[in-house]
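Below you'll find a set of structures to go through.
After this come two complexes, each holding subunit A, first together with subunit B and then together with subunit C.
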Partner chain A sequence: MAKKIVRKVLLMLPVLFLVSIILFTLMEVLPGDAAYGLGSDVSDEYIQQFREEHGLDKPAYVRYLDWVTNMLKGDFGVSLISGLPIIDRIKVRFPVTLELTLLSMIVAVVIAIPAGILSAVKRNTLPDYLTSVLAMVGVTIPPFWLGMLMVLLFSITLGWLPASGYVELTESVSENLTRMIMPALALGTQFAATVTRQTRSAFLETLDQDYIVTAKAKGLPQRVVIWKHALRNALIPIVTTIGMQTGRLFGGAVVIETVFTLPGIGREIVNSILLRDYPVVMALIMIVAFIVIVINTLIDIIHGLIDPRISQSQQR
Partner chain B sequence: MKMANMKRALAILLVFASLFSLAACGSGTNEEVLATDDDASASVESPATEVSAAETGNGIKRGGVLTVAKMTNITSLDPTKSSSIDNDGFVLAQIFETLLRQDEEGNIIDGLAESYEVAEDGLSITFKLREDVVFHDGEKFNAEAAKFNLDWYISEECGHINYSSELTYVDSIDLIDEYTIRMNMSAVDASILASMTGLCGYMISPKTIKEGTIATNPAGTGAFKVKEYVEGDHVTLEAFENYYRMGEDGKPLPYLDEVVIKIMTDDAVRSANLESGDIDGVDYHGSTNSILKFENKEGFQSHTVPSVNNYFVSFNLNNEVLADIRVRQAMAYAVDRQEFIDVVLEGYGTTVPFVVRKDQWYYSDYNPYTYDPEKAKELLAEAGYADGLTVKMYYISREPDATAVQLIQAQFAEVGITMELEGMDRLAWIDLVRTQKSGELGFGVLANFGYDASRQFNSTTYYVDTTKATRLTELLPKTRASFDRDERLKSLHEYQKEYLDNCYHLFVGQNQRITSYKDTVQNVNYHWYAVAKYDEVWLSE
Partner chain C sequence: MKQETNQEYLLEIKDLTTAFLFDGKPVPVTVNVSYGIKKGEILGIVGESGSGKSVTVKSVLRLLPSPPSSILNGEIYFHGQNLLTLKEKEMQKIRGNKISMIFQEPMTSLNPVYTCGNQITETIMLHQHLSKEEALKKAARMLDLVGIPAPESRLKSYPHQLSGGMRQRVMIAMALSCEPELLIADEPTTALDPTIQAQIITLIKELRDSIGLSVMYITHDLAVVAEICDRVVVMYAGMVMEIAEIRDLFHAPLHPYTQGLMQAMPRINQQSEMLYNIPGMVPHATQMPTGCRFQPRCPYATEVCSQACPELVDAGDGHMVRCFHYEKLRKERVQNG
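For the complex of A and B:
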């Protein structure tokens, strides 16, 4: 197992390298210059001065190599627009996005797995229809629109929850959760709906297996059949879906953070792309990419734990 | 029976889901969620209410926190790295103060300098400074501090973002006595006085300049000092306990304890937060929808900000077709500007010939182009395009630009011009139209926040290839070569005539920026450069 983990971790490096190359190339081909992000009244002379000061007049490969060298030293650099260190921005913004995605994931998993199991076990009954329809609605609603609806209902009409802002968890747990509940639900709904549908179909497939029929035939209670025999096998596609959806959660955070004005990484990425602040974009997306890769690596490892056959086949 | 019930339940659920989806499609906010931050983005005029200090009367309440939303990101809290006074100025103006100020009519009045005197030859200006001012970090404001600031601004080391456009003629600064300095100029530059009321006139604590901490720990002399700054999210300002100006109650300003400025780039989000009470005001409304929402809403007040956006069509003079002045003029005659105001700005705007507001001292109604489609057709025929021509317009994908270009497309079609449209993001558009001076037609916005006439006119050259419009670069320095307003007026109007006669841009309309606050926010006034002043604001609840 240890060998496998080391191999998986080593495989992360070329992926990160490729991501950085693709990202840098994409930023490079985008028309527009960070100098114009400073405002609409910048003189041509200053634009030239700005480009020279920040090395924007150097060839792309030189800038990329400079960036890689600095990253390897742990230096994220400074923002082209504000001139402030990017690491300070990451320290403030990363915990917000991490909390948002984790809360969304928790909300989703806690609702989705039991709902999916219920739907499969009570196939073609009212609970199944209800769950399926709700899951379908959940998949189709855009998270930002759900967020706006929530603000309209809970903040403007009922006045129960604040429409925006962030309070650190360490400052006040209740204030933090009051502000995070709507963003987490808005972001987590689509995720929950996808996992519910996946859980239902995985369980339906498992429940039709011969060994489940055998378990039922030998008189085992349904509870034991579902939780002990069916769950473990059905978990593999569910865990895979959760892993794959994590990347989408980070993508969704971009919009949700704008709707609820949360000071997270997603909102910052959008702003930085629009301003062509490429050191900030590179740093933030590399962090997101790193996390998504780590989560997918963990999912691979968990697969092996759930079903030892996977781990054995990989060793062969 | 059981199955029938289930089917009924399922049908109800499906109806519910369909209604939900239809409502989603009909939501007007969808497209606005990822709206970009941009200091020159859409805003419109409304019959708004001005709140004056006199209306507050007595009974001023001290204390409280004012929370407001800002439409655009803050570039920097360092005034030397900030290019746009109406954008970052919203925050900077609460922290820093300038040597001079401008009144509502654009007259130069006292600031941190209680008086100024221009030498007869116009080559030096003497500033007499206030004696009761200290910086937020406790440093004293005096002639030495003012000289240190100005010396720093014109030094290469500083790299002031506005040096090349505003400080090029400042030669040196002399220390006369403890509270008097003299600015020596290498040439007469009347716009320098206006510059001392803007980003080049801000006085920063010399200590923070020496320590290189302006952006992280800015110390000015304003009514508020920085308590917390989270880049891209919010800045919290707190009352400066040693501020020198007194309030109506005889105690030092400001009345508020704190001001929290939150960055909310999306118009729908700003409106929702104002409506829910999470914020007390918004700096600008980005759409007519939100203006209309708060315009006459109980519990809210709206103000017209002294600033406008000028919508224009730029022409690439290097393009073979557009190099012909008759084609440009034909296009100018083909545009019905009033229809633009009525349709695109929903009536909340005015038609003006140039980038000047009607209330500014250098306004001229000289305008060779009125809506005349027949004249447009004649000019096109003269230019050899009697059978029509095809051109391409590049625009920034946002509102009202997207609606505006479609209207212009329809108006051009009436005179036989087929116009293709291509939308792009703001920086890509600037790169194409301003930097490369390429493409064909460009639709954009030039803000007028009432700075200085010459500087405002200078902005009209950004999207023109001045190697093809050499007379403009000759005329521009003349607009600031005299302190005499009549002389300046003459050269400014000459510049406007040259610009319009050659039809370098087609100005289609001007709108107004609107802000809204809760009714509990009292005494909001505005700097001449369009940003709200909170030093005399107080909360009734």
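For the complex of A and C:
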């Protein structure tokens, strides 16, 4: 198993390499460079000087190699606008986004998997219909709109929760959570709905399998049949869905952070793009890509742990 | 209320009618099925696909999902206890413990994500309250009993690492691990190739002889029936058509349907271009004919057959048959020698 995990981790490298090339190329083909961000009232000489200072006049491949080698050394460069090291900003902003996405993921999974199971086990009864309708609504509702509705209800009308702002977890857990719960729910609803639907269909399929009848014929109580025999088999497609949705969660964080004015990576990316602060944009996107790749690798490893047939085929 | 059960029987099914929902309406798929199995007996249950064999035995263990299935009437007595009125919890103590079951598809009947050892010990620990180590030892003994070489290492195997025949042996080991009194085998060899089939049949016979197991053996293969069974129940379209000792059934079948089944068997010493087949098909549960259910396909059918459904009657020596014309069949047989 350890060998398999090492292989999976090594396989991440070519993917990261590809991402870096695509990202760099995308940035290259965008019209204009950071010097445009300086505005129209600066002199041509100043722009020229700015470009030389930041190495923007060098050929693309030189800049690419510089960028990658520096990144490997842990140096993400400096912001063109503030002149400060990007890594410092990442250290401040990244935990916010990580907390937001993890929180919405946990809330979503904790609600979605039992709801999906309930729905499948009580197929074609009231609980199933209710869950299915809620999941359908959850899938279709845009997160930013849900966020705004929640602010309207819980902050403005009822006054229970603050509408925006951020307090660090280390400072005060309760203050932090009262500000994070709405964004996490707004972000996690679509995720939860998708996982619920996937859980329901995966379970329905699993419950139809012969080994479920075998398990019942052995005299096992229903809860063992469901939580031991059905769950582990149904988990494979569910875990896949969770993995794929995580990428979308980071995308959604961009919008949700803006709605709730959270100082996370998502908002930072948007701001940096508007300011054409390319080094910052590239560093942040590389980090998000890295996380998504790590999560997908984790999912692969978890698959192997859940299903012995998969880990065996990985061995070959 | 005094229950009238036949003391001879270990398990007795009485007037069992099981229905399934078709377009939201319950339609009976088995009607007034009655038969019993004696201790140490191998009882064959034969019939074409869709004749209600599996539905009946799955009703015994109450394994049919409800809805869409429901039991409209009948009783199933096991040690004088009506299984159909037991609470789910009490039923769980019988399943896998007193009555266990093996299935048609060994390839899919074992859970792919747990080892064989895990799946066998699970049953043992559940019913016999043994510790994990004791259960593992017992599981190894069971695998040895069903003829699996190197049982200790096989316990660590996952189902996908075993062949179909091996998996069916594991299923049998699992089913027998709590020393049940009755084994229900639902076409256990249909999906296996003939040599493995012969091995499994021999195994089941040996187990009956060595541990006095009773076996309900469902099949549509009369050759297998001849090989293994003591008595046979013939079912057609959800009804019992004939019940007879194995010799009587093969030498003097009294129901035209049974006779048809016999004729449809390929014979090695008989040269003919075409195999006999019974004309027509098993009717769907929603489109049952009036009168006798076999009447549209029956060469002996007369007017009375389409007017009323014959009762299951004793034609002598416990040979039961559901046909108006069984005397005629018997006479014909005597005349033809």
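Everything that follows uses one rule, which is that the second predicted complex is superposed on the first by the 305 of 316 C-alpha atoms of A that agree within 3 Å, B and C clash if a C-alpha of one lies under 4 Å from a C-alpha of the other, contacts with A are read in each partner's own complex, and residues count from 1 in each chain.
Convention: contacts are C-beta pairs under 8 Å (C-beta built on N, C-alpha and C of every residue); 3 or more make two chains touch, one makes a residue touch a chain.
Keep in mind the model is a prediction, meaning the values are calculated, not measured.
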Looking at the combined model built on subunit A, do subunit B and subunit C fit side by side or clash? fit
Of the two partner chains, subunit B (first) and subunit C (second), which one does A:240 touch, if any: first, second, both, or neither? neither
Once chain A of both complexes is superposed, is A:178 in touch with subunit B (first), subunit C (second), both, or neither? neither
Identify the partner contact of A:271: answer first if only subunit B is touched, second if only subunit C is, both if each is, neither if none is. first
Of the two partner chains, subunit B (first) and subunit C (second), which one does A:229 touch, if any: first, second, both, or neither? second
Quick one: name whichever of subunit B and subunit C touches more residues of subunit A. B
Looking at A:164, would you say it contacts subunit B, subunit C, both, or neither? Reply first, second, both or neither. first
Looking at A:220 after the superposition, I want to know if it touches subunit B, subunit C, both of them or none. Which is it: first, second, both, neither? second
For A:211, select first, second, both or neither according to whether it touches subunit B, subunit C, the two together, or no partner. second
Could you state the shortest Cα distance, in Å, between subunit B and subunit C after the structures are superposed? 11
Show which residues of subunit C lie in contact with subunit A when the two form their complex. 61, 63, 67, 88-89, 92-97, 100-101, 103, 105, 108-114, 122-123, 126-127, 158, 160, 171, 174
Which stretch or stretches of subunit B touch subunit A in the complex? 6, 9-10, 13-14, 16-17, 20-21, 24, 27, 29-30, 33-34, 36-37, 39-40, 73-76, 78, 81-84, 87-88, 159, 161-165, 215-216, 230-234, 262-266, 268-269, 272-273, 275-279, 424-428, 430-432, 434-435, 446-447, 459
Residue positions on subunit A within touch of subunit C in the complex are 124, 209-211, 213-222, 229, 232-233, 306-309, 312
For subunit A, which residues are in contact with subunit B within the complex? 30-33, 36-43, 45-47, 49, 53, 79, 81-84, 88-89, 92, 125-126, 129-130, 133-134, 136-137, 140-142, 144-145, 148, 151-152, 155-156, 159, 162-166, 255, 258-261, 263, 267-268, 270-271, 274-276
